[in-house]
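For reference, chains read A, B, C, D and E in written order, and residue numbers begin at 1 within each chain.
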Amino acid sequence: MIVDSALYRGGERIELDCAPHDYATLRSGVREDGDFVWLGLYQPSETELSEVAEAFEFHALAVEDAYVAHQRPKLERYGESLFFVLKTLWYVDEDDAVETGEVNVFLGRDYVVTVRHGRGSRLGAARHLLEGEHDILMRGPFSAVYALTDFVVDGYLGVLGELTTDVDEVETSVFSDERTRDSARIYRLKRELAEVRRAVVPLRDPIRRLATVEASLGSLDPKQELRPYFRDVLDHLNVATEQVESLDSLLSSAFEAHLARISLQQNDDMRKISAGAAIVVVPTLIAGVYGMNFTHMPELGWQFGYAYALLLMVGSAIGLWVWFHKSGWL
Amino acid sequence: MIVDSALYRGGERIELDCAPHDYATLRSGVREDGDFVWLGLYQPSETELSEVAEAFEFHALAVEDAYVAHQRPKLERYGESLFFVLKTLWYVDEDDAVETGEVNVFLGRDYVVTVRHGRGSRLGAARHLLEGEHDILMRGPFSAVYALTDFVVDGYLGVLGELTTDVDEVETSVFSDERTRDSARIYRLKRELAEVRRAVVPLRDPIRRLATVEASLGSLDPKQELRPYFRDVLDHLNVATEQVESLDSLLSSAFEAHLARISLQQNDDMRKISAGAAIVVVPTLIAGVYGMNFTHMPELGWQFGYAYALLLMVGSAIGLWVWFHKSGWL
Amino acid sequence: MIVDSALYRGGERIELDCAPHDYATLRSGVREDGDFVWLGLYQPSETELSEVAEAFEFHALAVEDAYVAHQRPKLERYGESLFFVLKTLWYVDEDDAVETGEVNVFLGRDYVVTVRHGRGSRLGAARHLLEGEHDILMRGPFSAVYALTDFVVDGYLGVLGELTTDVDEVETSVFSDERTRDSARIYRLKRELAEVRRAVVPLRDPIRRLATVEASLGSLDPKQELRPYFRDVLDHLNVATEQVESLDSLLSSAFEAHLARISLQQNDDMRKISAGAAIVVVPTLIAGVYGMNFTHMPELGWQFGYAYALLLMVGSAIGLWVWFHKSGWL
Amino acid sequence: MIVDSALYRGGERIELDCAPHDYATLRSGVREDGDFVWLGLYQPSETELSEVAEAFEFHALAVEDAYVAHQRPKLERYGESLFFVLKTLWYVDEDDAVETGEVNVFLGRDYVVTVRHGRGSRLGAARHLLEGEHDILMRGPFSAVYALTDFVVDGYLGVLGELTTDVDEVETSVFSDERTRDSARIYRLKRELAEVRRAVVPLRDPIRRLATVEASLGSLDPKQELRPYFRDVLDHLNVATEQVESLDSLLSSAFEAHLARISLQQNDDMRKISAGAAIVVVPTLIAGVYGMNFTHMPELGWQFGYAYALLLMVGSAIGLWVWFHKSGWL
Amino acid sequence: MIVDSALYRGGERIELDCAPHDYATLRSGVREDGDFVWLGLYQPSETELSEVAEAFEFHALAVEDAYVAHQRPKLERYGESLFFVLKTLWYVDEDDAVETGEVNVFLGRDYVVTVRHGRGSRLGAARHLLEGEHDILMRGPFSAVYALTDFVVDGYLGVLGELTTDVDEVETSVFSDERTRDSARIYRLKRELAEVRRAVVPLRDPIRRLATVEASLGSLDPKQELRPYFRDVLDHLNVATEQVESLDSLLSSAFEAHLARISLQQNDDMRKISAGAAIVVVPTLIAGVYGMNFTHMPELGWQFGYAYALLLMVGSAIGLWVWFHKSGWL
């Protein structure tokens, strides 16, 4: 599906009187270095994508990748065009889960084609923001790449913010006085962090290449004026990476503390059980003693022998209770 | 055993009227740069292999490696020929196990010889696919290497898909309410992942060298047009590596959660046991009390003393039961 | 808020007769290479900061970073100016916690602008110290950067000293004979160390670049005479990094020892409980024996049968007690 | 002790009519580039070694290293000679242990001196094999180094094969249904693997330098024709390294599984114990009930009251047993 | 305190007729390249050190470092002089602890000044040894650095030898049949190893720079003839590093084995306890049975009923004992 298609000239969006898929007309509007066509697709059908591919002369391998999706983040050069893959992430509140989408970008001297997969992360917002920044927009198709990556990486930071809240909750639960069963939740959070890591970490290399003077892009380098912007994105990406690592190691520590807590709990429970047992067993012994059948047992004939025995039992129970508390056993 | 042997000229398979082992005739059919002979062997005997080695002038060390098998994936240059080792993997459904084979490739300017060991991974499929891609096939013997590696790496991804299912099953089992004994299964999966890692990780260096301009291959470099294809294989290999790491760390986390679960289970069981004990031991104490032989024990003479005692026992048992549940002990 | 603003000429602070925000007058006082204006801001409002940014021509991205704060430590070049971010740390005694602030530095050929966020770490002290070191001060604006980093890194070492004390306390607690619950405290210390690490480790790269001849700063390099000073700061930073790693691994070991201690404690408690149970249960058996109703039980008729039975009970209890101690069970 | 000393000329062993320690005569037999003297020593006395050192002009530091032994594997250049240290390993069946020896090699343009320490790994076999390979032998003294390293590295693979068997045994034991105590054995195997790692890993750098064109050896480089042979040794060394890592991580996993098993065992045992206790304690309660002294207890007067009580006891025991099995407790 | 001060000329110690602190006279005795003054200080006062610093023109930062001590091992160049910091280690038998000192070295073209902190590691021995090695001594001030580092690194190996003994003891203790509490000791050893690591690992970089041709020292390089000696020191340092890593990982494994042992011990103890309980509880049940008050209980009237009951009790106890042993429970 074609979401949006437009020509950008001298930092302005030019409305041409043509159908969104009239790629030839759009491209013919390009006058100077820095003008470009931006075509936005959402989960295109095979035929849609192959029409675009033909119009802009994409490499067959890149087209296949863009159709199938499920790639790692990467930046490849095919002849006179670049192919850029990045993952989008969003947090689904209903099930406290992180979901993943994918954006594929084809970039040439005078065009950018973005192919989005997955529900979340509408890129229209990024395009809209960029259209307000003429100074950046006039630097050619890489300005669209900047707008995109900036938007996507901000999305990472948002997701990490949600996960930080989740980790804080787990932490509170682990150190609460309740009997909690946090291991399943810690496991699920670890799994989601791993997903975030798979999106964040491999993206650093492509962004670094865009942020610095790197031979591998040849004459397709972004303009000098755009480099600080990509460096800024790289900085945010590094913050995201650091947060992933930090949350992951917090989760590991929380899990270990959880284990220690289970052991301590068991120890406490065992001491409570043994104290309870003692409080029952000692009176049982006393009852056993006065249940013996010796002919000569003076207490048995006492007027208040029974009351005395009951007092002895209650007294021993209370005595044990006090002693357990005083000795630090309970 | 010679599985297939053919001459490829200008991107087409040429059927020559000669025996499959008439290597001289086959090679004499080579006309231009890009034509080559592809000889496919399956677990050749020592004599078969040495005949081939003589015909194509292989280095003695490479021949020994190809005969013995059990090498690490590697790409070596011996004078005017390359020797390439890669591991094949396949999943045996019957015993949920991963098996390993090996492919050795000898490559010269005008020939490719592939030597396969192990049951799985028929390479005929790869050859067949390549024969349909004339554009690639006409780029010379490295096109066969591409077809092979692409096929083998796709096999890795298939095996990893099966293992992912297994890991998901283990995960479900670990977090189920049943008493499960997952450690042996986790261990076996870790072992199989280690096998996959041994195939996948060391292959990255050879593929990277084929995908980029690398001096160590000298004049034997694959043609420029083939590089994107090897880069694509490298990408898939990176996806495989990432999956291996990810599954491995999931298994580790699952194992830890399994340990935590055992501890929690033990704690729960201990509390259940102690509650059960209390429910028996307190009535026993009561029975002991009325088993005492004091002369003056009013209850003993009551008409319904016995019933009263039994009620006391049942009542204390029920009372304890309720109390254990209310206090959160059970 | 403008905290201080001054002109430094030839290693001396020059008092100009102008308002602190009269940046043009201040800069016009610069005569020679090495003279500079140092402007110190504390959590400036957006308008304050944008006025400064306009006067000194900062890059928009750097200004945004300085306003928002929450950056990683970094050193960026924007055209003819540098942007330097570093974290400040201080220890709050009341809650044994580490707090974090941030300092952003803009540096040009003839000015330094420092923007401080967060309560702690007043930079006035660093400025004051530097004003006493004319030899350093005359080396231009980088001398202010040196004074700042030296001050901030000394702060790190101070915080690490406090954390070392905390770790020593935890260690004493873990190996004491008391029943302690150290896991929450170890967790909190680990969390604080992680915060320190996030300040310390990423600062090493910027300082290293200032300490060595590094192309990426272009003509904005600090003077040769200042390099040993930055190397000295780098050394202290390395000491800090080493301490962070060392404390972290001590905490991990302490946590493991804590776990081992819990297990041992449980084992000891279990042996104590079982011994206590035996001491009660064996006399109960004896009482049971003499509670049997056989017609012919000689002891029952003895004059001192009851005393004999009691002695038997006490004796068996004492005997068990002695035996448990001798056999190493208690 | 001089084990063997010979002159090799044009790939053939030449028997000279002189004493084994007549080094001057031996060296005078060298005619062309590629001829060399090979002197083999076994734990030489200080005087023996210093005589050799004088004859061949070794560097004092190398001689000291060769006498003392206990070096790390390394390859050093001292002026016009090389000093090469490698570890030998062999498996002692009687005590399932790995033992370590050391070989020191001095190499000059026309000589090789090998000094062996430790019982195992006779090098005579390597020399014998090499004497059959004239093509290699004629490439000068490095051919002896190749023969040696090939022999020693094959020894590593043999030892690792034995350790693999041991690890398999441990694995079987850990997952058997027996109560096993594998931690001591796992520990010992880890210790032995560490010893193997100390021999294998540091040897990779020297072999890599011999296998590739490396400036640090200057004019003492092995001949071009020998490089593939050293690359082959390097390959085997990499296989060995991979096996060490793989066995080590298997042992770690096996240890963890062992721990999980102990916990599960304890849990099972605890449930068995509690079931056993219940089966005894419930009949005891019944006996206690009929031991009460109430005047009015109808059962006491029944003809078969006793049998009824016994049946009740046995029945409750059997009932509990069945219930424990049905509920999954046992 | 000045410990020793001397002039070395042509590899010989020259006794000049001047006070030890008459630095000018000492330096005036230098004739040729390779002659130098060696001044040894022990915990100098601030004034002592500043006198020396003035006489030899040290950089202020280096002087401050040397006075304060507590630096990381490092090698810095300040203009025409080098500043070298290394840690000394020694083992205190009385408390099985490792102590740390520090040596700071200032080196110029014609002098070496060594400043020692901490009780252990008298450097006089190193100086004495060097004075016997004229060939080395004549190579200038770096020969003193060699003598020092060789001496200090030998000290590391000595300390590691002692720690190896301690680790062996811990290992024996962990696998003994006694109930041991090794975690505190393992923790302390880990802590001491960490101290050794902090001395050993950062020293590798300075020594490597002295052992190889390294631009960063400029014209202050040690002479070519001294390089093999520094390489020898580097080798010993690598051995030390390897031992540190190896001991550390042995301690970790021993700790894990200790944990496993505690668990197994607990399991064994629990089985012993339950067996003991059964042996008491079953006779108690029998006693309870014959304590019942049924009118018709034939055994009660038997002549030897009592003896029979006692036999039944003893028999059941023995029977259980045998059964527990046969079934592998004990």
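Assume a contact is a pair of C-beta atoms (placed from the backbone, for glycine too) under 8 Å apart; a residue touches a chain by one contact, two chains touch by 3 or more.
Here the structure is a predicted model, which is why all the values come from computation and not from measurement.
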Identify the chains adjacent to both chain B and chain D in the sense defined at the top.
-> none
Fit chain B to chain C on CA atoms, both being copies of the same sequence, and give the resulting rotation angle in degrees, nearest 5.
-> 145
Report, in whole Å, the distance between the mean C-alpha point of chain C and the mean C-alpha point of chain D.
-> 42
Using mean CA coordinates as chain centres, what's the chain A-chain B distance in Å?
-> 26
Shared-contact residues (touching 2 or more other chains) in chain C = 259, 263, 266, 270, 277, 281, 284, 288, 291-293, 297
How would you write out the ring of chains in order, opening with chain A and then chain B?
-> A, B, D, E, C
The answer for chain E against chain D in the complex is residues 171, 175, 228-229, 231-232, 235, 238-239, 242, 246, 249-250, 253-254, 256-257, 259-261, 263-264, 266-267, 270-271, 274, 277-278, 281-282, 284-285, 288-289, 291-298, 328
Chain B to chain D touching residues, read off their complex | 59, 61, 65, 70-72, 74, 76, 78, 179, 181, 183-184, 186-187, 190-191, 194, 198, 202, 255, 258-259, 262-263, 265-266, 269-270, 273, 276-277, 280-281, 283-284, 287-288, 290-293, 297, 299-306, 309-310, 313
